[in-house]
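Chain lettering (A, B, C and D) follows the sequence in which the chains are written, and residue indices restart at 1 in each chain.
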Amino acid sequence: MSEIGIGVVGGGYMGKAHSVAMAAVGAVFGTTLRPRLEMIAASSAESAERYRAAFGFARATGDWRELVADPRVEAVVIATPQELHLEIAEAAFARGLPVMCEKPMGASLDEAEAMVRAAEGHVSMVGYNYVRTPATQFARKLVADGEIGDVTWFRGEHTEDFLADPQAPASWRTSGDANGTIGDLSPHMINCALALLGPIASVNAEIATVHGIRPGGEVTNDDHAQFMCRFASGVMGHLYFSRVATGRKMGYAYEITGTKGAIRFDQEDQNALWLYRAEGPEAERGFRKILTGPAHPDYEPFCLGPGHGTGYQDQIIIEARDFLQAIETGAPVWPTFADGLEVMRIIDAARRSAETRAWVDMAL
Amino acid sequence: MSEIGIGVVGGGYMGKAHSVAMAAVGAVFGTTLRPRLEMIAASSAESAERYRAAFGFARATGDWRELVADPRVEAVVIATPQELHLEIAEAAFARGLPVMCEKPMGASLDEAEAMVRAAEGHVSMVGYNYVRTPATQFARKLVADGEIGDVTWFRGEHTEDFLADPQAPASWRTSGDANGTIGDLSPHMINCALALLGPIASVNAEIATVHGIRPGGEVTNDDHAQFMCRFASGVMGHLYFSRVATGRKMGYAYEITGTKGAIRFDQEDQNALWLYRAEGPEAERGFRKILTGPAHPDYEPFCLGPGHGTGYQDQIIIEARDFLQAIETGAPVWPTFADGLEVMRIIDAARRSAETRAWVDMAL
Amino acid sequence: MSEIGIGVVGGGYMGKAHSVAMAAVGAVFGTTLRPRLEMIAASSAESAERYRAAFGFARATGDWRELVADPRVEAVVIATPQELHLEIAEAAFARGLPVMCEKPMGASLDEAEAMVRAAEGHVSMVGYNYVRTPATQFARKLVADGEIGDVTWFRGEHTEDFLADPQAPASWRTSGDANGTIGDLSPHMINCALALLGPIASVNAEIATVHGIRPGGEVTNDDHAQFMCRFASGVMGHLYFSRVATGRKMGYAYEITGTKGAIRFDQEDQNALWLYRAEGPEAERGFRKILTGPAHPDYEPFCLGPGHGTGYQDQIIIEARDFLQAIETGAPVWPTFADGLEVMRIIDAARRSAETRAWVDMAL
Amino acid sequence: MSEIGIGVVGGGYMGKAHSVAMAAVGAVFGTTLRPRLEMIAASSAESAERYRAAFGFARATGDWRELVADPRVEAVVIATPQELHLEIAEAAFARGLPVMCEKPMGASLDEAEAMVRAAEGHVSMVGYNYVRTPATQFARKLVADGEIGDVTWFRGEHTEDFLADPQAPASWRTSGDANGTIGDLSPHMINCALALLGPIASVNAEIATVHGIRPGGEVTNDDHAQFMCRFASGVMGHLYFSRVATGRKMGYAYEITGTKGAIRFDQEDQNALWLYRAEGPEAERGFRKILTGPAHPDYEPFCLGPGHGTGYQDQIIIEARDFLQAIETGAPVWPTFADGLEVMRIIDAARRSAETRAWVDMAL
């Protein structure tokens, strides 16, 4: 067993999640590589110190460059606004450090491409935590093993309602493409669709701002969007993303139809996977609600009892385990920056499709 | 109270449903006009006689023309294959009889248009029974009354799995546009979308045959289809139709998002409507599962107890009541043939969209 | 095919349900014996005439004795308050007529016993409609066929909330044992338990009035009750009945645990049966939600499409079919008056148990 | 901020859970007192060393006495079999250390009483983690605040199926009262009932062994049990416990009925609380599914997004926070050993009730 000094840049929502994960992952998974919470960076020395104390890091800094340059920092987690992703990643890779970066990669397709170039020869990973629930890992395995036959249809959504109220004021969230719904919410479910069904070949998208004016100013990015898509396998699909989906809190949900079965999942009940098998007497067929348990991927380290459930933070702990394994083996771990770039390319194609009101072929 | 002689053409699935409805509607609703099961027609005298005996009609005939011409037949229900709809309707209207016709209207857009012309000045009605459940009637009222605010998104589907098995043999169902998924399944949910949100302004569709070859021959119509659409109100929407949706038995389902609330419904649990209201303390918000009862439209005649539930046949009985009312008042009842034509126009636009891979504007 | 003249006594809630059922059953099931709605009786000539017109009977009377004595009345349905059940049944049996009587049988155990004596040699049936849903019929078959192995536990409830509001006024419902919760609500679920698991051997009950005073007067019967019970098979069970179960509209629900599987059902979603089978890979086990369809008992006559659903009224139609079959064959049909008496005996034992605060053995 | 040296006795299921919680609690809650994983004890030096390495403790020992005596151990978590609870607790209290002990307290009522005596003047806590989910904490608050009015009925269960298979072999689980269903499973839900509704005044129980013989030997403890109970408030209740509940994985579930509303919860979907309010138009009433989020107790430290969910391990982290707070303030934290004793007393009363087949009054 050996130690590795972790530097986390950003102490907000995801910065905290990664810090807790790094504190817990060793005990949960008994990893041979053990994270040492070495340094945390934030936008000011004061906030960084506050995060340090709260999360249990050894040191703090108001300058991320100091963190990246520190000799005791041996791996970097980037949990800042997207605008900083590229610069920090380049600096970390320049030192040869492994980097886990929160989604989306960079603030634009160009930046994402630059990040992939910078990552070459290094360990990189994008923070798509939701595909790591035991339920979705199991769904992925069922599909890959052909358990539901040939897939014929996929429907995915990521819907929340944090801006559903038209009176919610304009803010940083309501300007900048990267903060809009397809910039901010869509990457998780696009990544999930790729994980479950493989590459997307073409898209036909609509992107819209529902509430153009909010108290405090104009809204300059999108509220919701839908994509019709075709996977490279020929499967027809549909994706929907919304931050104005009244009533939806964590509507990361998908349906997969196959010739021999079907799967349904909704993150709002993340410990259940619904499976239908077109077999046995007609009178006994139905979607079964499978509760995750030790029989499913990465569940048992959290609890020996089935149905006892894992939660949001546990997904980040699984992600931390994967990052540590990548570091130990030197091998890239899915999704790498290159994988994350594919998500950005699909978003870019969707933007072009919405503008031209036409199908966009990913191969072109 | 007075009587009216009913003639039903067709004794299969829907012919039986309408016959039962005509037998029961008086007792259920205490209608002032009472149906008398006068005559049933089928493709042969033998099968007609069998239906007559089973359903309780006074007379039977193997020739629908005889039925339409019979002086004791005062209203006609058409429940034949689509190919016959136009001819029968024209003959009935020529005699000045009220006509209820099963969906879809005619076998093509041209036929549907001819049916509308023939219906002018007469009582006509299309058999869209599903919009008549107490739950969907209530949803329609909630939306119309602005209870969920301005609608911002609609998603509808009609998915079943009766041809999901690739080994299901080729049959009449697998040839002919009118028998394909958008010809046969899509009209109900398109009608529902129109009922709930008003006119559709444009569509962008994909239509596909998943299993091109089946035991016994080639499949020449579609297995599933998706439409992106815009309502005239500007609301973005999505529709999906499938007869290969493994696991789905009666997936007539919709979600309506508004600025003040949201609604969810699935015909597989037709006695529940899910309503979310963006009001009250955040900690107490959630979709509530409303069980239909006497407080909802057209429930109480079936049962005084809430949550006791209505079923498929009851929808047809409600429809029969509406048809009788239209006859009594002489006024058309939604959806008339003209309303039904709108569904056919949308299907036609979708076909053109799928061919051209482009948006089609309904106004053009 | 032959006709039978039906006389219905009572035109309220259940009187209407049976009248509609008699109007529809022939067309639905194609019965060889066809009901003719001959006469309806109510507490006054005026209300009887109103029911006659509404439901479509040939004649009406304000005196049930006239109905029972009428030569054209060939079968009697009793849907009056319990206090009249015995007298009407005795008169009908005296004329040799078949009798269907609404539950509970009589207003007391003594009356129920007298009804059984009167029914000897005649066709009798008690109106336990809920056991006739396709879902519960299927559950009964699964249990009987050993599909869930040896049963080890049963939990049933019948809970509604029509008197949950403490401000709901005192009325006929709040006085008289027969109108209390165990008098009025419990018989259905007790009958269901007997149907599913066989005889009950002993009970230990608590019976309580939650709101002793209501606007308008004192409450002199019970609001809710629970029974621990042992079936003759040794299976442990629990039953709960309540008319003050806030939020429950039709909580006729049960869970059956077996060594090889388990079943769950809730009448509030009467078209679904939940089945768990302890077989196959652990990772794929879960309760499956089976939607009723043509593969289940008595569904297909109502609709050819699975998942399209039956409702409350349809149960009464199934019951009417069973009554007609009993009349045709002369054979008793479950549950006969003798079967219904067993329910009354259990209620009586529960009352004694609640008074003595001790187990009561049914055999004593 | 200061540190406290934690000693954990036992490295199995719960020993791991508490170790992970102690590793994570500081970062999650920003506690002022920070646990230092000082020492872990197990039944042998080898297994202790394995646990030490896996969970990240500084030291290990095969003798719990050494741990309790160690000057750097400042608080003790007991996660051993029940037989050792008393002895370890006494030794720790003798040194003046705060003790958190897993349920049930001791192997018998006598031992539990001795533990309470030993705990006097010290910080003690029993590990009832399930009452600490955000959903159940919120339910408790709703009830306490009178949000559902006066409670009239409570039903709770803790059902699992780990011994549902009759062919599961005899083991330590199948002998010894403390390992039976009421010894092992019932304490959690009894504690929950007390937390939600206050003291239980009397019980009437049935306790049974379903499978008396298993491969490998006789079963000498109970498989399932039911209690009718009355709370001190007069509320009627029912509790059911089973380890043979085929299909149930974590059936820790309850229903609370009140005069103004009702609550339902099932740990198998621990991030949802179902609330019914008897207010507003009848047509809009229904149980609402509330997803836990930052608006609910102890959720936000785990995630800022509502509906993103917490899991089993998070409950133990909340528990660790409560234990640390108790240590800091010196004040006892619910449930203390004295609270835990009440659970043991109810179990004892239930055993006596089952033997005598009679109600047992807790006050006697």
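Remarks
In this section, a residue touches a chain if its C-beta (ideal position, glycine included) is under 8 Å from a C-beta of that chain, and two chains touch if they have at least 3 such contacts.
Being a predicted model, the structure only gives us computed values, none of them experimental.
When chain centres are defined as mean Cα coordinates, B lies farthest from subunit D. Mostly identical positions are employed by subunit A and subunit D in their mutual contact, as over half of the interface residue numbers are shared between these two copies. Annotation: 53 Å between the Cα-based centres of subunit B and subunit D.
For the pair subunit A and subunit D, the distance between mean C-alpha positions equals 34 Å.
One inter-chain figure worth recording: subunit C and subunit D are separated by 41 Å, centre to centre, where each centre is the mean of the chain's CA atoms.
Looking at subunit B, residues 248, 272, 285-287, 291, 293 sit in touch with two or more other chains.
Across the complex, subunit B is touched by residues 1, 13, 16-17, 19-20, 23-24, 26-28, 30, 34, 53-56, 160, 248-251, 267-272, 291, 293, 302-314 of subunit C. Per the touch definition, subunit A reaches subunit B in the complex via residues 148-149, 152-153, 155, 161, 164-166, 204, 206, 208, 210, 223-224, 226, 228, 236, 238, 240, 242, 244-248, 257-262, 276, 278, 285-287, 357-359. Of all the residues in subunit C, the ones that touch subunit A in their complex are 138, 272, 275-277, 281-291, 293, 295-296.
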